[in-house]
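The chains carry the letters A, B and C, assigned in the order they are written, with residues numbered from 1 in each.
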Amino acid sequence: MLTEFGKVLIFIFLAIIFVALAFIVNRLIRPARPTREKVLTYECGENPIGSPWIKFNVRFYVVALIFLLFDVEITLLIPWALVYKEYGVYGFIVGFLFLFILMLGMLYEWRKGDLDWVKPEVKPKDLKTVMEEFEKEYGKI
Amino acid sequence: MTLEQITFIILALIGLTSALMLIIQKNPVYSVLLLILHFFALAGFYLLLNAQFIAVLQILVYAGAIMVLFVFVIMLLNLSNEEALKDPFNLRKIIASIFGVVLILQFGVFFFIKAKDDLNVTISPNSIEAGSIKKISEVLFSTYLIPFEVTSFILLVGIIAAIVLAKRKFE
Amino acid sequence: MEQQTFLNILPILIVSTTTIATIFVEAFYKRSDNLIYWLSIVSLILTLIYSILTINVQNLNFSNTLHSGGITNLFYFVLSLTSLLVIISARDYLLRAKYHHGEFYILIFSSLLGMMLMASSRDLILTFLGLELMSLSFYVLAGYNRKVLFNNEASLKYFLLGAFASGFLLYGIALIYGSAQTTNILLIVNEFNNLLLKPLFVLGLVLLLIGFSFKVASVPFHMWVPDVYEGSPTVVSALMSTAGKTAAFAALIISFYGSTTSQVNFEIVAKIISYLAIASMLIGSITAIAQTNLKRMLAYSSIAHAGYMLIGIASANKLGMSGVIFYLIVYSFMNVASFILISLMENDFEKRISLNDFIGLANTHPWYAAIMALMMFALSGLPPFGGFFGKYYVFLAAIKADLTYLAVIGVISSVISAYFYLRVVVYMYFRTNEERKDIFHTSADNFVLVLCTLFVLQLGITPNLVLDLITRFLP
């Protein structure tokens, strides 16, 4: 006997098989004539510059970490959202406490300035240095 | 063979292959992608065991959020030079692998010979209902009310820990 | 929530409210350090008073998951007193390290909340969550001073190994749930004999034991202890080695308390625990001899002490259990005092305090030398200090439970450990050095040290009072 999940599963398998089949058939009947341009990494038509391994800023990591924590919070709130009507005021208080404690973390982070995106400070150059650089590159004006 | 068994075998194959490929793979980004595949196979197992909520949680938290972290860590560590990461295979590792094999054998003996009767459980028909989100929430807000609230404290400490440890300008 | 439940869990509520309040204060006030310091002291004193006042009202709350009153309140008292002592003396240390921030108090309070939950929980899930809350806070506290490289190392090592141990613990709980169909400790104890026939339950129990022995720092799960205690800020080590150990032992005592009734078949588990105890005692005290770094020496001594305490649990009788709790109380005071004395000598935080720093301390600072000597005597278990009676009770319990060999090994390892404890005294009193060491003491530190000394002396002179109190509240 199939449960509802079983039907979904069959659907998923069919989807996977369909896509895989398309790829395999494609591979079998297509002509393969690689040239340098064809195998190059696609970067909007430009020639790729440098390695794709760039060091990410640590700030991204902190944001990702906080995203993870709130993601876990969401999964714990799913059961709450489903039944909180039945529990009335009690359910409201329970969920409120949970959310309040987590919002506190959010508030703390906000107040501490960890959500501010500190940009690297670019000082505008004054005219003299701009002129010097220009002369260096293209000779005296 | 029933449909369940067929599904189990397919999922087990996907899960094991992806796990094996994950550690053989040289490129860490490929490893991460294979890990996502592995997590999906695990979610399939949970569904087979009638634990729907856990399956959803697995995909949301693990395949979603934790993988984001993994990708960030890999990009943060800048692992482009794989040769530098190579570890020589020394005596310590040989001993460790011997112990590991012995442990696996012991587990095998334990689960397939000693604890055979314990594991031989049939899934009762009302377990579908037991794994539903509604049942979980009923337990969560009666018996496990305090653990539920403590979880929020753990998450709070997690946020504060992230701020304390990753802070640039502490002064 | 009924009014009675509210009153029962008030100590936990006070601590959690203070955690929230400290976060608010830290978020909204620029110069918040002092305000938070006083706020935390006041709330800890409130917790102390309340848990002593309501010690006679025993209750089970929230469908038998949370115990209150009796032995739980006794644990609350010990845990919050240790935290109070550490917080009082930590302020000057952190000011000296130029790292005095509100986050320190937030993390101490969240770890205290976790420890209190561990001590009061009667459900394995809650125990696990409490343990995680405590450990998470400790991981961060260990690496609190980020500028010092040792701190980062300690934090990372502690985190990696601690996460591994938590995995063992959780797997054990899962297997226990699988075979017992419940996570409630009281229900599991009732069915213990039947469950022991199931191999899965035994495996779960062993994994649970592995997780706990990591947290109490017993051999062979002790690898992290020396590095973490050495690397963390000294005040944090003081808290980890005392309150952390107390909480882990509290959870262990609660989990295995059913063994004190005669109908429970505890022999297999008792055997495993006694092996752990023997290994911890011997390896801890023998390795400590080789240490010249004081914090490492105390770390190995902490491993040995975990061994002595495990004897009490292995002997599985009432005297053993109350002996362990008595031991934990004494040990908390002894270790807090020793770590604080070490922290007073630290100025350059990259440098470690070694035995040579103690040379001639008796001439320059006779009072501190006297307190240190007293703590060393007490740690080695010489009468008439509190440490002696801690050991005496657990050895007596072992003899009563026909585990005489454990008591014998315990005495032997105490003799071995006397060597390195007394060596500190010898360095302080019988060696002289022209160089004058600075001790950065303030009245707050002196207050804590005097308090610890008085407690250790009192526990040594009238141990029966405290032991009777503990025995009365053990059900």
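Brief remarks on what is shown
Keep this in mind: a contact is a pair of C-beta atoms (placed from the backbone, for glycine too) under 8 Å apart; a residue touches a chain by one contact, two chains touch by 3 or more.
Remember, predicted model here, so these are calculated numbers, not experimental data.
Note: the chain lying farthest from chain A is C, by mean C-alpha position.
Here B-C and A-C are compared, and the pair linked by more C-beta contacts is B-C.
Taking each chain's centre as the average of its CA atoms, chain A and chain B sit 21 Å apart.
Inter-chain spacing, taken between the CA centroids of chain B and chain C, is 32 Å.
Between the Cα centres of chain A and chain C there is a gap of 42 Å. Chain contacts: chain B has residues 145, 151, 153, 156, 158, 160, 163, 167 touching two or more partner chains.
Shown for chain A are the residues that touch two or more other chains, namely 101, 104-105, 108, 112.
Under the contact definition stated at the top, the residues of chain C that touch 2 or more other chains are 23.
Touching chain A in their complex are the following residues of chain C: 20, 23-24, 26-28. Contact residues on chain C toward chain B in their complex (touch as defined above): 16, 19, 23, 62-63, 65-66, 99, 101, 103, 106-107, 110, 113, 117, 123, 125-126, 129-130, 132-133, 136-137, 139-140, 143-144, 146, 155, 178-179, 198-200, 203.
Those residues of chain B whose C-beta lies close enough to touch chain C in the complex are 110, 114-115, 118-119, 142-147, 150-151, 153-154, 156-158, 160-161, 163-165, 167, 170.
The part of chain B that touches chain A in the complex is made up of residues 3, 7, 10, 44, 47, 52-53, 56-57, 60-61, 64-66, 68-69, 72-73, 75-76, 78-80, 128, 133-134, 136-138, 140-141, 145, 148-149, 151-153, 155-156, 158-160, 162-163, 166-168. Residues of chain A that touch chain C in their complex: 101, 104-105, 107-108, 111-112.
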